[in-house]
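Written below as structure tokens is the structure these notes are about.
Per-chain residue numbering starts at 1, and chain names A, B, C and D are given in the order in which the chains are listed.
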Amino acid sequence: MKVLKSQKEFEIRFSEVDSMGIVWHGSYSLYFEDAREQFGKEYNLGYLYIFEQGFYAPLVELHLEYKKPLKYKDKARIEIAYRHTDAAKLIFDYKIYSLPDNNIVATGYSIQVFLDKSFNLMWDLPPFIKEWRDTYLRDK
Amino acid sequence: MKVLKSQKEFEIRFSEVDSMGIVWHGSYSLYFEDAREQFGKEYNLGYLYIFEQGFYAPLVELHLEYKKPLKYKDKARIEIAYRHTDAAKLIFDYKIYSLPDNNIVATGYSIQVFLDKSFNLMWDLPPFIKEWRDTYLRDK
Amino acid sequence: MKVLKSQKEFEIRFSEVDSMGIVWHGSYSLYFEDAREQFGKEYNLGYLYIFEQGFYAPLVELHLEYKKPLKYKDKARIEIAYRHTDAAKLIFDYKIYSLPDNNIVATGYSIQVFLDKSFNLMWDLPPFIKEWRDTYLRDK
Amino acid sequence: MKVLKSQKEFEIRFSEVDSMGIVWHGSYSLYFEDAREQFGKEYNLGYLYIFEQGFYAPLVELHLEYKKPLKYKDKARIEIAYRHTDAAKLIFDYKIYSLPDNNIVATGYSIQVFLDKSFNLMWDLPPFIKEWRDTYLRDK
């Protein structure tokens, strides 16, 4: 099975920093979301696409580990990797590196499920995700 | 015409403070929104009520003046006052005071218009707002 | 050993809700922080107090599980419980309930470490925390 | 006198959109801040540079006008222009355009003053700003 990964570089904004002068821990959930966006763009699995297929994909679990602080104006890179599961879920792993030294700053993962537009949980994989997996995960 | 006012006390949260140790200027738009909520609750003009009448009331103008900084854990009070206009608009004036000294910390105003659910601008006052004004503004 | 718990009721703000009409997952890290504030207030362990003792207590781990969505204007209650550890860490467990039905909406935990003002990690428990534990955790 | 302008393109993030499906009005103060960053980078007047000269430059006034809504995934461009004043202030004007149609979405301005590290207001222009004006505003 192929490994699907995206990455994105970003710079710490003034509004993301707290009174200790480091990035507020809550800002990392935003970086993770930006990474999912980036992944969705590259692999055709954005929120809008999922929505157009008739589904929501809300988070049911989010885990973050903070290794080193980031400061205002620091440059960083976030890597997102698709973690395969047979369940009707989307799991992503994240790593944030400071730049240019490439030290690990934070790691984490997120788990999403699928709801239909009436907010019913999908126990079975929505067909469009089956197709997506066939397209993107199969070794050719 | 009666003067309609609400007020609310609040405490500065850690996440609202920037690396200078004072409340980030962008947080004040949140305090203003909280004040509109409070007003909506007291005078039956909340977002949900407006929505149930078939309308949105988005901001078209927001003005903020910052007089003194607020710090983490400071206590403050926000006052919101309805400013009458004959136009199909909602205008509110805001004053934020530090506590317990009651010094003015910030002032501002906001202007909202009415859109129907198809996002068309209402040039005439929606009937439910006419009724609202009759109920709340008329001196008895 | 005593069980230390705090709780706080809150109402969902307009700005915390996303385009699905439910609370954006990132907003929960703010609710957790509010709960830590509440705990700090009741048990004399607020950020400012920790800071005055010469330390920071940044998060090194944050875990969130989302069970049910919260919507704009929903009322909720967050419970925070101190989880004892012998390590030089602060661990808290969180439960968010919707009101008035008291259904579990989200759970999670956070882990904090202690840094001195030069951002050095404290491997041993800072003395003021030892005293705090003696004061608050000891059965009398 | 020369006209100093910067601009930046950006895409609307999921977290910036409210339950009406449009960008929450409070998010615009973040776009303005991003534009100031961009300006600071191009014209050597970033927050960190100001800080290193011994000053803060907090906002004392912020004005926003919302002309058209932006939606999730919309692309936009923000333009920031330095507005000259003889006073010890920094004034910027902002215009946000939707892309690719280049319609005006929002406008506004911000006013900043200078404080020294003890939070005293500078009535006279700090020397480093005098030099900056000489360097960047003078027609050669």
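For this structure, a couple of remarks:
Note that in this section a contact is a pair of C-beta atoms (placed from the backbone, for glycine too) under 8 Å apart; a residue touches a chain by one contact, two chains touch by 3 or more.
Note that the coordinates shown come from a computational prediction; the quantities given were computed from them, not determined experimentally.
Centroid distances from chain C, each centroid being the mean of CA atoms, peak for D. Two chain pairs are in question, A-B and B-D; the one with more C-beta pairs in contact is B-D. Chain A and chain B, compared by their mean Cα positions, are separated by 35 Å. Here the CA centre of chain B is 24 Å from the CA centre of chain D. Chain contacts: chain D has residues 14-15, 20, 26, 30, 33, 72 touching two or more partner chains. Within the complex formed with chain D, the chain A residues making contact are 13-15, 30, 33-34, 37, 46-48, 72-73. On the side of chain B, the complex with chain D involves touching residues 20, 22, 25-26, 29-30, 33, 56, 58-67, 69, 119.
Touching chain B in their complex are the following residues of chain A: 14-15, 17-21, 24, 26, 72.
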